[in-house]
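In what follows, chain A forms one complex with chain B and a second complex with chain C.
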Partner chain A sequence: MKQLKICMLGAFAVGKTSLVARFVKSVFSEKYHSTIGVKIDKKQLSLAGQDLTLVLWDLEGEDDLVRVQMTYLRGAAGYLLVVDGTRPETLETAVLLRRRIETEAGVLPFVLLLNKYDLAERWAINDPGLLGLRDAAAATLNTSAKDGLNVDEAFTALAQAVVDPGSGAAEGSA
Partner chain B sequence: MNDDTSLIAGVLGAMGLLVAQRVVGGYRWIGTPPPWAEAFGCTVDQPCDLAGSFAFMGLFLHDAEVFWAQAEGEATISSAPWSEPDQDGVEHQLEAVAMRLPRAGGQADGDGAEVIAVAGAGADVAQTQSILQAARERRLAVDRELAVRRQVEQQLRLRVEQRTVELARTNEQLRALAAQVGLAEQRERHRLALGLHDHVGQLLAAAKMQAGAERAAAGDPAARERLTGLLDLMNQAIDATRTLTFELSPPMLYELGLVATLASLMEQIAGQHPGMKCTFRDDQSPKSVAQDVEVVLFQIARELINNVLKHAQATRMVVETQTQDGALVMSVTDDGAGFDDGVLQEPVVGAGGFGLYSVRERLDHLGGRLEVQTRPGAGTTVRVIAPAV
Partner chain C sequence: MATDASPESGTAPREPDAGPPGAADVDEAMQQLRALLVSPAIEPEREQVRQLREEVRSGRVDPQQLADVLPDAVRLSGAEGQRLADALSPTVDRAIEVSIENNPQPMIDAIFPIIGPAIRKAVSDALAKAVSGLNETLEHSLSLQSVRWRLEAKRTGKTFAEVLMLKTLRYRVEQVFLIHAETGLLLHHVVQPGVSARDADLVSGMLTAVTDFVRDSFTTADDAGAGLQKLRVGGTSVWVERGPHAVLAAAVRGEGPEQLREFLEESVESVHQRFHDELEHFDGDSAVFVGTEPDLARCLRSAQMPSRSGGRLKRWLVAGLLIAGVGAVAGLGVQSHLRWRELVRDLRGTRGFMLVDENHNWWGRSQLTGFYSVTAPQSPGQIVTASDVLESEVDSDWRLFPGLETRSGGNTPAPEAPVDVAALLDAPEGVGFASAAGAGGAQHWVAAGAARGAWLERARQQVAAGLGSLGPGAVDLSGVTDLDAGLAAAAAALADVVVPVPEGVDLSADLTRERLALAARRAVDVARLASKTGHRLTLEVIGHTDALGDSQANQALSLAQAVAAELRAIRPASGGGSWLILTRAAGSSEPLVVDGVTAPEQVANRRVTLVARLESR
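Then we have the complex of A and B:
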């Protein structure tokens, strides 16, 4: 079975681990639990009749204390770039991360996730161009690990963009 | 494997760690893999495939090779903690170490080195986790508070903008209403003035003629004297009617226009105020202004002139009309006391400046504007620029 290494990247506490937990185990916890190092998980997916195993590398979040190790992206087929829609500064972190990935690990397909959409009343990201990320992303989706909104779609969109780059997975709903 | 490496591997194995030695083409088990590693498919009867059994190990061993290529001698590299599920989906917290050791009596460089890889389960990340978690929770709380504050500020800004727009709209409506009221008042004054002029005035003139005829026919000197008194009273009534008609709404404004009416008004004022030199000047250019606007301009001119008469203590007043860039410009200049033009910025009813503020509001509504040049002791010039038609 074909394996795809997928990395989860973003600022701390944007919901990377929760998105993986929702996708792999269909669970969600309100409690914030900081990831140390990297958490690896696997999930099988069927895409247009092709069985795939997604090996999900959930990297610890970037902040002033922790810098994401770009070597973890070696061998990755693509990544999910996660932003907390209630914290505009996490969008800036996402922009910086993408820049570092392209410099240190090369250009990889990615899907931009504006997570915590269940808190839409506290939404703080209004920039329609999302600082240039929307155009570069294979897709941009509003997601909620809490209620499952667009979670499966996010991983499928990235797998689609990796397997079939010309498939037009860029039609996001965000 | 030399004796030192064997010893190290034995000790590590006894500690419940997974130990493997690099051989040509891969790795081989040293000792028996511990029970926790069997769940990842690492058993002594299976080939040692660290990268296949652990998704993280492929990357880690590659990083170790890169590190050894740059390092000299004995060199050990540790992984960051990682967690990974076993074949049953049970998650394990893991940590790995790769060591390059010298062969007995040799140097730990290139092919002369022994390499062993060690992986351990149950890595304790609790302390790191708790320090990092506490720092991030504090940061998260600050971020959230800032986000809420930004949101509240944005909402307040939005409300202020909405209120400002509403206020501007209300002000515009009030200006429009005031202009309508002003025009309605003018029309009513005009109607009254026409009534006085065309009806009362005509009746008085007819009565005067009749009284004059009666006086001429009267033979009794006493009766003639009484009729003379009556004629005087009638003349006064006719004069009063004319003055009142002019004050209400001069018919000539509608018949001859603003310039002629202003000239007539200034003539009247000069007669009433012999101590003041009153001058009217016009540039003789054609003035294309709508009649409603002419009415408002005349009303404004009268207010400005009354201001000079009441407050300026002036000895000279000049009213001037001219055309500039297609617009009618009317100015009233005096050599009187002047005033601090700051009062025009924040006028207070009854405290001065409000009359000019009101004039400015009426002109704004028409699309015109008001300019005031004054300072205490230096006279005043008020320029009214009417909108071009």
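Then we have the complex of A and C:
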């Protein structure tokens, strides 16, 4: 069976670990345990009749003190770039992260996730181009690890973009 | 067609033996027959008949015809009984013998999938039986230990037998992971029967993350070793052996012996050898790597604890045999080591000497670095000559230091330096400083030893800028060897060695042996320096052949493998960290003598060269 290494990247507390937990185990917790280093999980997926195993590297979030080590991206097939829709500064972190990945690890397909969409009343991101990320991303999706909104779709879209780079992946309702 | 086919009857017609018809009829028939037989019109048929007779008599058979009938013949004969099998079996036996003598690998490959699991199952059954036997015995004994183990079994939820097995095993390799180096994805995984393994994909990823983390976090460490080699979690340690494309990780319970490292090295080498292309072009599909099972399973080893009570006689016997068997070799090693220690003690104890670094290498050359003073009673060379250590096996780097005063019996300069230069420069181990009054009473130091290039660079700048209260240039660093430059030089020297193999895969020619020894010595130099500078070494042994012979690629590979085997034999004693030896065939694509057309010129192309691939961590 084909395996793909996929990384979760974004600012701290945007919901990377929660998205993985929702995707792999269909659970959600309000508790926040910050990830240190990296945690690895996996899930099988069937894409157009082909079975795939996604090996998910849930990396620590980037903040003022922690800079994500780019070596964790070695051999990755693609990544999910996660933004917290209620904190606009996490979009800027995402832009910086992507720039660093492309200079240090190389250009990889990614899917942009605007997470915590269930907190619509506190939604704070309204730049339509999302600081240029929308064009570069294979897909952009509004997600919620809490409700499960677009979570499976997000991972599938990335797997799709990796396996078949030509296919224009679906654009979410952002 | 009875007339044609019967050789006994020749060309003569056979008398019909059926009841006699009328005599006239017979006569007429004979006439017709004769006319037919003597007629020139049937000459071609007569010729055919002659040929057939010839063939039958001489036993010559048309292979094509034989091939057509043979399968049926064999089938028929098989249906009839044993005879064919009996007749063939000596020939088949001999054929197999010859085939194995010439090249055992295909046979091993063919039977390993059958025998490997069977052996493993037998061993684990035997172990399980031994344990359950012990279990019963102990069930009734009330030793304190058995009670303690029983409690532990209760506490950990394991069966008593399991606890007992773990306690009485010295070590056991429980799982082996083959991990793709770049992605951290699992390529293959084997488990000792009965061991409950967690999800191997996740373990593989975590191990890679941990080794990446260690590599990134401690890159400045000057100490030896190439990357993470071992990590310990409770009673289990994970041994990591890295190859260019794949990493082998073995989960070992208990205290694994150092020889285990060799098995891991060999397995990594074999996997890289056999799956070179698949590893290079790995796209996430691990299906083909099922084929690495024999290489991984080979590492699933274990050893029983030597029993503490009883069997003393047997132990002595075994010890005696061991001493007799390997005593000679080990004795040489031990003696060589003792002699070296004595020399080092002499050097340390002699007034006027300051030993900075010493490195004993009982297979290759040993090193001595230090200062000596003109006031010393003897020169360093004299001390080495006077000792039992062979002078020709020592590389010495002694720097004469006029004002050096050392206390007899100590290693530190007598007048305690008021400024700690070593601390100011953050000097690594292996660099020593001797202080003396410089011109005009200014303090002055001379350094000796060996250090990383980066440190030297920084130290030179610091010294030039003036160190603490000292003026610029107070420390003479010219006596410190640059390890990185040394490594590059050693690697270049190794690449210069050409091992000629004039004939077959025969390494017995004098020049071949001489060059092989040179290559081995230089490889050990590279390994030692690589280990000191924190590089991972992969030695590539490349076979080249002439363009004359056929199947050059195979030939070249066998040359490389023969040389690699020699190098592997000396590797454990090399003193360096662990290194890999891989083989490659260059065929005749990289000829030494380009336009050699005559046989002797072509022979020069039959050679082995070595390349040291170094990867800093």
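The working rule: the second predicted complex is superposed on the first by the 173 of 174 C-alpha atoms of A that agree within 3 Å, B and C clash if a C-alpha of one lies under 4 Å from a C-alpha of the other, contacts with A are read in each partner's own complex, and residues count from 1 in each chain.
In the analysis below, a contact is a pair of C-beta atoms (placed from the backbone, for glycine too) under 8 Å apart; a residue touches a chain by one contact, two chains touch by 3 or more.
Computed from a predicted structure; not experimentally measured.
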{"item": "Simultaneous placement of chain C and chain B on chain A, clash or fit", "value": "clash"}
{"item": "Touched partner set for A:Met1, first chain B, second chain C, both or neither", "value": "second"}
{"item": "Residue contacts with chain A in the superposition, chain B compared against chain C", "value": "B"}
{"item": "First, second, both or neither for A:Thr71, with chain B first and chain C second", "value": "both"}
{"item": "First (chain B), second (chain C), both or neither touched by A:Ile40", "value": "both"}
{"item": "Chain B versus chain C as contact partner of A:Lys116, first or second or both or neither", "value": "neither"}
{"item": "First (chain B), second (chain C), both or neither touched by A:Thr53", "value": "second"}
{"item": "Contacts of A:Arg98 with chain B and chain C, given as first, second, both or neither", "value": "neither"}
{"item": "Which of chain B and chain C A:Lys16 touches, first, second, both or neither", "value": "neither"}
{"item": "Where chain C runs into chain B (options 506-514, 524-532, 542-550 or 560-568)", "value": "524-532"}
{"item": "Overlap of the chain B and chain C footprints on chain A, listed as residue numbers", "value": "5, 37-38, 40-42, 55, 57, 69, 71-72, 74-75"}
{"item": "Chain A-facing residues of chain C, complex", "value": "180, 182-186, 199, 201-202, 205-206, 209, 212-213, 215-216, 283-287"}
{"item": "Residue ranges of chain A in contact with chain C within the complex", "value": "1-5, 37-38, 40-42, 53, 55, 57, 69, 71-72, 74-77"}
{"item": "Partner chain A, residues of chain B touching it in the complex", "value": "55-56, 58-59, 62-63, 79-85, 91, 125, 128-129, 132-133, 135-137, 139-140, 143-144, 147-148, 150-151"}
{"item": "Partner chain B, residues of chain A touching it in the complex", "value": "5, 12-13, 32-34, 36-42, 55, 57, 61, 63, 65-66, 69, 71-72, 74-75, 86-89, 122, 124"}
